Structures are given as C-alpha cells and as structure tokens.
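Each of the next two complexes has subunit A plus one other chain: subunit B in the first, subunit C in the second.
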Partner chain A sequence: MKVLLLLPLLIPLLTAIISLLVWDRRLQRIFGVIGMAGLLGSAVGLLRTVCKEGIQAVQVGGWPAPFGITLVADVFAAIMVVMAGLMGLAVMVYSLTSMDKRRESFGYYPLTHIMLMGVCGSFLTGDIFNLYVWFEVMLIASFVLTELGSEKAQLEGAIKYVTLNLVSSALFLTAVGVLYGMVGTLNMADLANQLAKVKPSGLVTTASMLFFLAFGIKAAVFPLFFWLPASYHTPPVSVSAIFAALLTKVGVYALIRVFSLLFTGQTAATHGLILAVAGLTMATGVLGAVAQNDFRRLLSFHIVSQIGYMIMGLGLFTPLGLAGSIFHIVHNMLAKTNLFLISGVVHRVKGTYQLSSLGGLSRSSPGLAILFLVSAFSLAGMPPLSGFWSKLILVQAGLQAREYTIVAVALVVSLLTLYSMTKIWNEVFWKTDPAEGEQEPAKTDSFGEAESSLALLAPIVVIGCLIVSIGLAAQPVFALFEKAAHQLMNPAEYIRAVLGELP
Partner chain B sequence: MQTVMAFVVGALYAAGLYLMMRRSIFKLIIGLALLSHGSNLFLFLMGYLTRGGPPITPPEAVRPVAPFADPLPQALILTAIVIGFGVQAFAVVLIRRAHETLGTDDLDKMQSTDVD
Partner chain C sequence: MTSLILSTATTYLLPLLLLLSVYLLLHGHDVPGGGFVGGVVAAAAFALYAIAHGVEEARRVLHTHPRTLIGLGLLTALLSGVIAFVSNEPFLKGLWTTVTLPVEWKLGTPTLFDVGVYLVVVGVTLMIIFSVAED
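So, the complex of A and B:
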C-alpha cells in the first residue's frame, strides 16, 4: 500500500491544478470539497495501514534510503495527516459561504490546497532538507493567503508574518548546513544513526539549538511568538482558522520529530530548556490573552498558550508525556479551529469582533452558545471534554517525572484559560446586547438563507461532536496516541523502516 | 580560502540582521536577502571547497578519485536559491503594496495590529 503515502501529497496538488485550470468559482468550490474529502479519506486509510502493518516508508524515485528522498509515516505522522485532512475539509465547507467573491476569484481555493500539500509533506517527509522544502511550499501559500484582499491590517500583519518566517527559514537552512557538515547525510533515520555515534560536542548543541530556534519561531514559543498575535487575526476568519489549526502545529511536529529522533544525546540540557520554554509560553500566552478585548486576538494569544502544553510533553520526554502532547495537539486543533469558526459566525451576526459591543447571543442564538461552550470548556480543560484528558495526562506525566514547577504552571494557566473563556462567554453571549432597543438592520440579513447557515454551522457541529466524543471515549483514542508516543521514544523501528535491516 | 569565506558568511549574517533592525521596510527586504544569501553560502561551504575535482567516476572505478567536490551542497543551495528568489520576489511586491496602502515605510508606525 505504498501509494497511500503519496496520496496525501498528490490529491491536494491535483485539486490545486484542476482549480487553477478551470478558474471558475463554482467549480473550484465543488473540487475543493471533493479534494479535501479525498485527502481525509486517504489519510484515514494511511492511519489504518500504519496501525496494522507498522511504519510505512517509500523511497521516492526508487533511490535507496540514505541517498534519495524518503517519505515515512509512523503513527504520529499519520494522525497529523488525518487531522490536517479533517481541518481542511471543515474549513473548506465553512468558507463556501464565508469567503467573499473577491478573494475567491483571486485564487483562495488553489492556495489552500497548495498549503495543505505543504503541511502534509512536512508531516510525511523523512529527509531534513526535504522538510525545509515542504515548509517553504506551505509558507509561500500561507503568505499569499494572509495578504489576499490587501486590507490595511492584513498588509501590516503580513509584513511581520513574512519577516519572522523568513528568518526562521534562514536559521533552519543554517542548521541543516551544520548537520550536513558534521555527519554528511540528510536522511533523518540515517542522521539519527550517525549522530548517535558522534560524541556530544559544541557543534551538536549548536545544531540542536538552531533547529529549536527555527521551529520555535514557526511554532510560536516564548519568546519568539510576537508575530502570531500581530498577524493571525488580520485575514478572513476561515484563513485564520486553518492557520490556527495547522501552521503552528507543523512547527510543533518538527520540534517533536527532531528532538525525539535526532538530538537525544543531551536530554538533560536540551529537554530541560524545552520544558522551561514550555512553562513560559503557557504563562505569557494566557496573560497576554487576559488583556485582550477582541474576540480573535484573544484566541490568537490562546494559540500561543496552548503551544506550551504541546511542547511540555516533549520537554518531559517520557512516553506518557509525549502521548499527552499528541493528545493535546489533536484536541487543540479541534477546539481552537472551532472557536475561530464560531467567532466568524458571531461576526456575521453582529458585524464586529469587539467584545464590548457584543452581547445577548445566548438568547438570540442558543445553539451557537452551546457550541461555543463545548469548545471553550474543552480548551480550558473541563471534564468530560477532550481538553480535560489531554491536560490530565500531561499533569500525570509531569508528576511522574517529578517536575512539580511545570505541573503547577500548567494547572494555574488552565484556570486562567477558563477565566478568559468565561470572559468571552459573559461578554458575547450572556450580558445584554449593548445595542438592544436600537434599530439593527445588520442583524436580519445574517441567517437569511437556510443553506448558507447550514454550511457555516455544519463544520462547527461536527467538530463539536468530535470534541465530546473524544472526551467520552478517551481510552481507545489514548491507546492510539500511546502507540504513537511509543514509536517516538523508540526510534529503532523508524530507522529500520527507512534504512532496511542494514545497521 | 575557507577562512575568508567563513568571514564573508559572518559579515552577510551580521549585515542582514543589522538591516532588518532598521525602521525602513525597504532595508528590511535587503536584510532578508542578505540573510538568505548568508545561509546559502554557509550551506555551500559545509561541503568544503575543493578546486578542480569534479565528482566523476572513471569507467573502471566504483567511486570518484579522492579529492572531489561534494555535489550535494551545490544541489541543495540551487534549491534554496530558487525558493529564496520566489519568496523575495513576493516580499518585494508585498512591501510595495504595503507602502502604497499604508502610506509609510516606517516599521514603527505599523502598530495597528498590535493594539486594539
């Protein structure tokens, strides 16, 4: 079933090409949904194969392992591809009605597909330079998506976003150079083998820290996150949602991959640093969020805060910790995307993102209020929703590793997250509408057509159901994440799948 | 030669970072370009400089004759240069558009997305 590894790359590419060729908005929409559904289908197939038959690898072009480019899928990568497909499909359906004509006719759909291809490529590649190339594919598409529409705020946000990401790319390239100069290979499995033989030296530490910086900028960890709250809320909400779902998580994925496969020689220093950064990221993110009064900016700061939890498990570097990290990534993709999508619906109904001018939605649209509550409480970690279990596992892993400081930080930040979610709840849904009694022409046209609200709400309802069902059936899901973490902690299987039985 | 090139790489990084910290968006783009040139050159140096040793295997041998230039870093920077070219072309158009729309080239005045 080698073709399953290639499908998550080929389907978005083909869909993008077809969308570019037909260049008709209506056809692009149809192909968009079909393409994303196909991506999700192939990803689920890949995950099933990987679970059943172990790690899959393809040598592209038939060149044997350390020389050619390898595509590898372990359980972790397959889970991430499934999530990418799911989020892609949800956001695609959502944008059918939320995206404006101008952006659609300037290539919103093909760009989204190209970005999805870059994301899936980054998850599946087994070659460190190829990872750089996929990062760039993803970045160039995301640059255009942030800027598409050329509103004032968008251009400002785009300059910050582009600059910081280009710096990160330059650092990444430098790190690849250091690694290649040291051991003369680029294949990640081969690199793991060679680095295990190299004595720990300043050069290895330099390379690992350069990777940490490069991926840290992309994942938006403390103190490298400032570009994120400055740019993520500027594009239209479906673009913000897909960025929040996928782009920072690709940075986290790369961090986990590199620091579980390549740089495991000096865990006390490197993973200790990661743990400290995780705590600071959680705390600064949530404190930044407390001060915000704009729906989407508040959510952007929460992205930063949640990244802290994701790398906390990596910092602990125990199987339980990594399983918690993966659980948290999956949960966060669902909850955060859903919150962004809901903020878009609120904007459609009320015409603003400012918390102070919103209100009264719990009476006018109670269904939306319940959907918000599910996602928000899941983000804050209330039982029995998905966020509770991921945080529980991370805290348990922290206690087992006797890292009490990080556990305390994680718990306090959890409370503050709950505080800022209740703040949104109070301001947007609970308090009386400040504009109540006045004439509101904007309010009536919002849910005008039944099908338009269906396309907006269907993804939110489906993701909301997933959050609840992951929360209620945490055990089978956790078993899958545990398997993924086990593979990450024991890279021998990964190396054997790529290089064959040689070493 | 190796040492000289090492200093050139260092100078490119330093100049790139310095220009990026200036306030003008035009200098920002020049800085980004220098930074990416610096990393490309660094990648190239990592294969070590070998003059007049093409990596060609003689008909009867299994590997090229001993001192030969490593072709892989050259292939890598070729890829990196092409990507860098595309990204910089986009960045140039972006700052032109930003300058037109925002009416300023001063980065310190682009704060509307940081405050609400």
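So, the complex of A and C:
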C-alpha cells in the first residue's frame, strides 16, 4: 500500500492548509485534533504494513531510485512516525486548554502541523539531501513556535536555538556536499553501496564527522548541548513538550540512520567516539540537572542526559544495543513528554516553575503526584516501568560488548537521575507549601473547570498508562524493536527495497 | 508623502505588472520564469501599490487576506500531486495533456504546481510587506 507512506506527510500538510484557509480558532482546534488522530492512525497502519510485508519504498514523481527522491519506511522509521503521531495528538489535546488565545490566533496550530510534517518527512525520506530539506521544514516551523508570543525570555532562548541550529544546518549541508563530491549520489541506499566500494580515506572520515557534528548539535550531545537547556524552558509548556518529544529524537534518528547505513567501514574509530560521547553526554546532562532549581530547566538537562543512552546503543553497534536504543527513544519520548505536561499542570495550579516556591501538591492533588511518580520512576529506570527495560537491555548489550566503562557510567547516571527526580518530588509534591495560607488567588485560574482539566489530564493519564503497559508487556514490544534493530544492522534489505534488484 | 505621479502611474502599472507576472508564470516551464519569479513580480506590484496608496488600500485591492493565498497555493500544489496519484501514477508525477485553443497549449500538473508556488510566494511576500509596513 504505497499511499500509507505518503499519508504521514499529506495529512499534516492538509490540516495546516485547512487551518490557514478557515483561520477560525475554534475550527482550527477541531481540525488540529482530527488531523493528529489521522496522522496517528495512518502511522499505525504503516507500521503494521511494514511489519507484515517488509520495508516499503515509494519513488516520488515516478523518477527511478538513485535519481529521484525515495520515501522509505523500515520498522525503525515506522515506529518513529507512530511515536510522532502519538506525541502530536497528546500535545494537541493538551494545547486545547493550555495554549493562550493570543498564540492560537497567531497560527500555533498550522505551525505545529507543519512541524509534524517535517518530523515525519525526516523519518521517512531515503535521500540525504531530502533529509536536509525536511530538517529545514521542521526547524523553520520550530523557530516560529519558540518565538510565538514574543516574551523577553522566549526571544533570548530563541536566539540561541536559531543560531546553533543554523550552524548545524550549514555543517549538514557541507557534509552532504563532501559526500556528493566523493561518490556522486544522494540516495541513501545507493550511497551505502558506493561508500562500501570507496577505500577508507581521510575524506570519508571527514564526511562522517561532519554528519556527527551536524546531527550531534540537533540531538544535543556533549559538548554541543548547551543550546537546549538555554531555550527549551522559555516557550509555553505545550511547545516545550512537543520539542522535547520530537526534535532531539530526529537528530538521534538521523545519527542512527547515517551511522548504521552509510559509515560502517571504520566502526572502531567512529562508533568508539560515539560511545565516548554517549558517556559524557549522560554524565554532564544529569550533573547539570542536579544543580537546577527550575522545573522545566531541570527536565531540559535530563533530555540531554537521556540522549546519551540513546546513542550508547549506536556506539555499541550490536543488534541488542540498537534495540535498546530504540526502546530508550520510545520510552523517553513518553516519559519526558509526560513530565513536561505535568510541569505545565503544576504551573497552572501554582503559577510558577520555581522549585523553591512550590510544594504541598501531594496533599492537594494526589492523582497528579501519582502520575508524576510513574513518569519519574520510569525515567530513572525503576522496574517494572518502561525505562527499566530499556536500560536493562542497554546494560546487557554493553556487558556483552565488554564495554564496562560505559555500563558503569550508565548505572551511576541512573542513580543520579533518580536523585534529581526525588528532588522534584520533594520540592514540588512532598514539602509543605511555602505559600500556604497566604496566596490563595494564584490557585484558582480556570483549572477548576471540569472540561478544561479533562483536556489537560487525559493526555497525561493515557501516556502514563502507556508507560506502565510497555513496562508490563515488555516482551512483544521488545520483539518489535529487535526486528527494527535487525533491519538496521543488515542494510541489504533496505537497499534492495529502494533500488530494486539492481546489482 | 504621496506623490501624484507615483499614485497615477501605479493605477495603470498594477494590471500591467500582474499581466507580466502571469506571463512569467505560464512561460516558466520551457524558458526562464516560473511560479516563483511570477509570484515575486505580482507581490512587487501590490507592494508598489501599497507605497503609492497606503497599505489599507492595497489590502482592499487584493480582496483576500495574504494568508488565504498561502493556503490556496499550498492546496493547489498538493492537488497537483494528488491528481497523478488518483490516476494511478506515483505521487507528484508530471502528467501532460495538450489543449488546442486557437494555439496549441501544453497543460500539465507541473503547471498547476507552479500556480501553487505563485500563490504561496505572493501570499508570503505580501504578508511580510504588509505587516512590516503597518508597524
């Protein structure tokens, strides 16, 4: 079913077009939710097809493979599209209540759809230059989303975000240029074929490192992560949440794709470096997080730390390691988005993100406290939640590959993650409210309305349930990720799906 | 500072420039031109009108909000891809047919795509120019 490959791109585009044409806040909200649900539905259909019938490929415009643009979906890409749809839908429902009228009237909904289109395009494209184009689609929409509302802090964060991402795009483009100059093709499957024939040389290593730098900035790995904690806490919480869910993961996805398909000739050097960077990313991220006193800044540093785990599996470059990476990406999208959404609810109830001025929520809203605990424990890797399994698999893969240092780092960082989650728990939920008795008016807001709190809480509850159920039913989920990792480790099937039976 | 010469001239220039922009758009498939260039010329025509008569007046002459033009343009471009798809060809494949008006006219989905580009370019450029000019 070729149409399934196109739907994750066409549905967000069509939704954005409709939003532009009607431009009525009410209708935009309705179409926004319908569009995201459609995206999720088509993505699930795509994943089912890919699992049943193998890797799917479409030659856009009818131009045959190495010349035209190919859209490809293997299991990994399909999983990522499903997650994008799921996170998009969750955040869209959440935005119905949390987004303010002013930002809505300046095009929050169409921009989000365009960004989702860019994200899905990056997952599905089989052409390295086209990947650059989808990155830009996604980035430009995200630039506007960070700035939407033009608050002072937002603009400051946006400047850092935009500058660093432009640098990364320039590096990406340079890398594509070097690669094209070397082998004369842009199709990723064809590139894999051609690069296998090229003798290992300085130029190949240069190209691979340029890609590593470009995607490393986007994925926020050590030492290129500093833009992320500086900008992710400034926009409204639903924007932070969708950024945390998707954007860095696109960088990780691109890293995994490029370093499992194209640059596999000198794994000792390239993947060894990735592994070292993974360890440093984990450690610096979590140490940064421990020092923070703002709910969302703390979470932003955790994004960085968790990225380390995701590329750890890539650095190990074993089927089990990659399966662990994919598991960790999926788990992290769920847990991290949920924590951001919860921080938004906390902000709504208490009117601040400062940990020191929060408190007492375990008594006033015990349900929220439980939802927080589920996500936080999952992030720290407590059994039986999803984070436990992903870390277990990664650690096991590390032990099998005899990389004991990285395993030790991963375990210590897990403990520190637990520590900083406990810090949030203590400050926000457990300690008595410092403002108890004096500041009642801050609480009221519109949170009391049943309808609005339903839209806020429903996504959090659903994601929380998913975290628990992935933890409890880890085996079938893991089998799926293992299949994805198997396809990544054996690119022959991918190449055949794109190029046909050509020699 | 409205200049009589400019405002009188633009009244006549606007239709001429729009005609030129459509010419560039339709001509673009075989020779230099195309949706982007045509769109820029059309947007420049409206921008000139805005300089001569003010943004309010230019908005009135445009009839719709620039945003609607962006939406319509994207929709047209999307449609040009979907046409190929529903006629059982790969998405976005160029399909051509020849229409015999007094002259023979090659008509195809790439032309439609170019019309989409034209509308998006006019919409985006005017949205920027109008909002900067109104500030």
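By definition in this document, the second predicted complex is superposed on the first by the 500 of 503 C-alpha atoms of A that agree within 3 Å, B and C clash if a C-alpha of one lies under 4 Å from a C-alpha of the other, contacts with A are read in each partner's own complex, and residues count from 1 in each chain.
The definition used in the following text is that contacts are C-beta pairs under 8 Å (C-beta built on N, C-alpha and C of every residue); 3 or more make two chains touch, one makes a residue touch a chain.
If you're wondering where the values come from, they're calculated on a predicted model, not measured in any experiment.
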Touching partner for A:A37 - first (subunit B), second (subunit C), both, neither: neither
Which superposed partner A:L392 touches (first subunit B, second subunit C, both, neither): neither
First (subunit B), second (subunit C), both or neither touched by A:I17: second
Which of subunit B and subunit C A:V461 touches, first, second, both or neither: neither
Which superposed partner A:L287 touches (first subunit B, second subunit C, both, neither): neither
Touched partner set for A:C51, first subunit B, second subunit C, both or neither: neither
First (subunit B), second (subunit C), both or neither touched by A:L27: neither
First (subunit B), second (subunit C), both or neither touched by A:V3: second
Of subunit C and subunit B, partner touching more subunit A residues: B
Subunit B and subunit C contact sites that coincide on subunit A, given as residue numbers: none
Subunit C-touching residues of subunit A, taken from the complex the two chains share: 2-3, 6, 10, 13-14, 16-18, 20-21, 23, 58-62
Touching residues (chain side subunit A, partner subunit B) in the complex: 129, 132-133, 136, 139-140, 143-144, 147, 150, 152-153, 155-160, 162-163, 166-167, 169-171, 173-174, 176-178, 180-181, 186, 229-231, 233-234, 292-294, 297, 354
Footprint of subunit A on subunit C - complex, ascending: 65, 67-68, 70-72, 74-75, 78, 82, 84-85, 89-94
Interfacial residue positions of subunit B with respect to subunit A in the complex: 16, 20, 25, 28, 32, 35-36, 38-40, 42-43, 45-47, 72-73, 76, 79-80, 83, 86-87, 90-91, 94-95, 97-98, 101-102, 107, 110, 112-114, 116
